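Sharing a structure here in structure tokens format.
We call the chains A, B, C and D, going by the order they appear; numbering starts again at 1 in every chain.
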Amino acid sequence: MAEGSIKVAETPLVRYLLRRADDALILGHRLSEWCGHAPMMEEDMALANMGLDLIGQARTLYTYAAEVEAAGHDEDAYAYRRDVRGYGNLLLVEQPNGDFARTMVRQFFYSAFMDPYWRALMASPDATLAAIAAKAEKESAYHLRHSAEWVIRLGDGTDESHRRAAEAVAHLWAFTGEMFEADAGERALIADGVVPDPESLRAPWRAAIADVLAQATLAVPEGGWMQKGGRSGAHSEHLGHLLSDLQYMQRAFPGARW
Amino acid sequence: AGLAARFQERIDAEERIEPNDWMPAAYRKTLTRQISQHAHSEIVGMLPEGNWITRAPSLRRKAALLAKVQDECGHGLYLYAAAETLGASREELVDQMLSGKAKYSSIFNYPTLTWADIGAIGWLVDGAAIMNQIPLCRCSYGPYARAMIRVCKEESFHQRQGYEIMVTLAKGMAEQKEMAQDALNRWWWPCLMMFGPPDAASEHSDASTRWKIKRFSNDELRQKFVDATVPQAHYLGLTLPDPDLVFDEATGHWRYGAIDWEEFKQVLAGNGPCNRDRLAARRKAHDDGAWVREAAQAFAEKRRAAKHAAQAA
Amino acid sequence: MAEGSIKVAETPLVRYLLRRADDALILGHRLSEWCGHAPMMEEDMALANMGLDLIGQARTLYTYAAEVEAAGHDEDAYAYRRDVRGYGNLLLVEQPNGDFARTMVRQFFYSAFMDPYWRALMASPDATLAAIAAKAEKESAYHLRHSAEWVIRLGDGTDESHRRAAEAVAHLWAFTGEMFEADAGERALIADGVVPDPESLRAPWRAAIADVLAQATLAVPEGGWMQKGGRSGAHSEHLGHLLSDLQYMQRAFPGARW
Amino acid sequence: AGLAARFQERIDAEERIEPNDWMPAAYRKTLTRQISQHAHSEIVGMLPEGNWITRAPSLRRKAALLAKVQDECGHGLYLYAAAETLGASREELVDQMLSGKAKYSSIFNYPTLTWADIGAIGWLVDGAAIMNQIPLCRCSYGPYARAMIRVCKEESFHQRQGYEIMVTLAKGMAEQKEMAQDALNRWWWPCLMMFGPPDAASEHSDASTRWKIKRFSNDELRQKFVDATVPQAHYLGLTLPDPDLVFDEATGHWRYGAIDWEEFKQVLAGNGPCNRDRLAARRKAHDDGAWVREAAQAFAEKRRAAKHAAQAA
């Protein structure tokens, strides 16, 4: 039992929880890669801070998934013993850090969605979900503010920072459509009023993006094709390499406790 | 001369010197060097532990390690702020470190090779740092003393966390216990060197002692560390990599073997296993981040100008 | 038995073989990282070619080690199921690829040692070792020629290539001393005439380096401190990350055959 | 007109056209485009497989995969050389690819997510490529035909190797078999699209057929591929991801379901999962390597000048 990957009994709620947990873990992991390498010490602090919040969110979501699945798994089993095809995070969050502009635009696109999403989820009749959302919302409000401020600063900073910010927006735009998707299982949860409909957040998200990009003197990209696949495990090639680092210890020392 | 005498009287009376107080130029210089070296150490110290954040073996450990490294960055920031009260600027201090002119603690020039090194750093490196730093909480210079109080509180938390990692490994599978022993073997001697050269060979100490910056000698602190740490290692069931280590019933101290000061000198001279990687990593972060800092400054200036224009209108 | 890391019964000959195999594997792995990313297609070919030779050398050395150790291990057990502290490769070969100058200088320093080393080993009374050496020497002669040509071309090319080549020489120099080391076990093999004394190759190596660097209009670094530790598993932090990628599959699917 | 008629007579007589022979401008243009696209595909095709070289699960597989990717680079080089016989330069052709003006095979815009994808690429992608390429060994243009003979020989070796990976997985642990099925699910439809749009919608084919560049229609080749591959999948115990797949006793062919040409169009338009990553990787290699190519050129010129000077003296 201690060897290899786990099999997850994916009811709609378990799958829902794992996907959100995966988002938070993978983005938190990406942010943690900056540690010691940020453009200024204050950003070493801020990036670590956001990374910690996200890893914390992942832990509570995984832990709740373990409770719902009731198959003897725990947060570490989900994080360390599922292969790339079992991960259900958004393609957006697994994109490499790139330069600081990419990291901040990625964070901004994600947080501008998640902040209202958590707020909506606070109304869930599922008390655990509502509590997780209430805590996460406080964090995401800060992530949104911090990343938006940087997007504005970079967009309206120097020519170089403008160019890099514009490039980051153009590059990451195609990964934003996936945030508004829901599969049949999630649709059922939405229909039952357990979780919010991400589609309902599209207009407010667009408005928030338009507002910040305008302040940043950056253009909002025109529609365009949207990439998807992350939710069903069809990831980019980047995730596998992230997981070989992330999972190395648990894979190399099966059964050990740390 | 009157000022100098008055200054020394205040020191002797255990009064705190504050930024706007008169102080001898040498005092200012010594403290600036010491505080900024300490700050550099916190910042460079993020790298060896940062090396394991992406591979931490559980989510709990991953979060704790990330938080710890973040704390270190915070310590760096307080310490640069304390150094700035002496008239230096953070930018100039950081440049001295990046150019290799200013030092940081040599211990960070050793690599973290296994997860047990994260435990060993917390237990031993932070343990040794605390021994050095607790007396600094009573340092004559107020801003430094206050920064150290905060730093020491967090460091002792980190130290307990590191020791707890070691306990878990020591109680774990055979491979984990081996990993713990191996880490102790590699970190023990470099940690003893953290207290600096033996008293007989030590510079700077006289003035620092008189100014109540330094309250214990290198050898005194080293002995305290050994005495505190050896029983912890025994509790873990680990062996210290020193065949000469023996408990001296008469003095109540653990006597340790000869330290390889040649290794210490080499690491200090830039020849440690990681000196170049550490400096290269910090330089790269600095250089790659230049455009971000410039953008932030340009933006701030634009906003300031806009505000002035609005006020003028 | 299929789980976790293996324990190796390290007789002097087994240790000797594993160290050389590790050199070849790690350097071959580094070269393979260039695949698809080289500065010109001809170099994609050449780097892959050298990588293949080295991986092939690693395989024959591991296979012979398995025969000598006679503990049921095979080439893959050695490559995929030893942790970073068990690897005995030179620090030189695990250094990151850096730019093309670093890669070529690293190759040149290594091949300028290994080519005469293999030639000397061809005289071993151990027929298997002699045969491995005879094959490897043909390969290393090409590696030496190819890398030396590039060092000359870069050193005597443009100002930029000269600067990069000089920087690579300065950076990698400290890792060359370890090639001439031998521990007590290896000393015993040397005393028995089974393997050559690496120390005896120091002068010819220096002469070869001096000749090529002179043609490259590059200075030979002055003595200086030499890094060591790779042979006893005291590696740089780079090797662990290399191994998380290298070993991921065997660690994640314990017991599987591929 | 006499030249054109004579040219077509030679084609009809199955003679090979050689570089110095007269040929219509449109023939030259069509072939240049086709051969260079083929070359670009070999080069970009190194990336998805290259993604697994560092993680190959055994040393034998690692060596075989590295050798395979190296072969692909070699194919790219022959093919650029063949295109150069038509008067284009490799540099200019490569620039067209890097700028996005020239295409490469869309199949390489899908990611390799698991080790089984390496098996599936060998088995299915190389299998489909061979179906397309075998007739090209008899292409009217000599240099292309000869390059294809060599390419096909190596490709069929790769194809067998890929199938053997799939056999190993299919016979392996449950997780390995799942991995194989998953790879088949993801690669099957994109491979069917490799043969291009259905005959009804296809451009270029008329002239290419007349010039004996193209000897079978897209749909004919696709059918051959399906007929060859379905039994191989069954042998592996895998299920093809096509509920409409059925053997037609009357024709002896496997009938397959409707292909999602919208996906094909999107990938072709640059919206596949990896289009941007592939181009970015190739551009980065090109840009990062500029100084190396410049150095090689500068060095060659210096040596040439030195030789001239020596001859003159």
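Rule of thumb we're sticking to: a residue touches a chain if its C-beta (ideal position, glycine included) is under 8 Å from a C-beta of that chain, and two chains touch if they have at least 3 such contacts.
Keep in mind that what you see is a predicted model, and the values were worked out from it rather than measured.
Interface comparison, A-B versus A-D: the pair with the greater number of contacting C-beta pairs is A-B.
With centres set at the average Cα position, the gap from subunit A to subunit C is 41 Å. Note on chain placement: the centre of subunit B and the centre of subunit C lie 36 Å apart, centres being C-alpha means.
Residues of subunit A in contact with two or more other chains: 4-5, 83, 244-245, 248, 253, 255.
Of all residues in subunit B, those touching 2 or more other chains are 55, 175, listed in ascending order.
The touch graph of these protein chains has some other shape, matching none of line, ring, star or complete.
Pairwise, the chains that touch each other are A-B, A-C, A-D, B-C, C-D. Of all residues in subunit A, only 25, 29, 32-33, 35-45, 48-49, 51-52, 55-56, 58-59, 62, 75-76, 79-80, 99-100, 152-154, 156-158, 160-161, 164, 242, 245-246, 248-250, 253, 255-258 touch subunit B in the complex they form. By the touch criterion given at the top, residues 4-5, 83-85, 171, 174, 225, 227, 229, 233-237, 240, 244 of subunit A touch subunit D in their complex.
Those residues of subunit D that touch subunit C in the complex are listed here as 43, 46-47, 50, 53-63, 66-67, 69-70, 73-74, 76-77, 80, 115, 165, 168, 172-173, 175-176, 281-282, 284-285, 288-296, 298-299, 302. Put simply, subunit D touches subunit A in their complex at residues 48, 51, 55, 111-114, 175, 179, 182, 186, 266, 269, 271, 273-274, 276-277. Only residues 2-5, 83, 241, 243-245, 247-248, 251-255 of subunit A touch subunit C when the two sit together in their complex.
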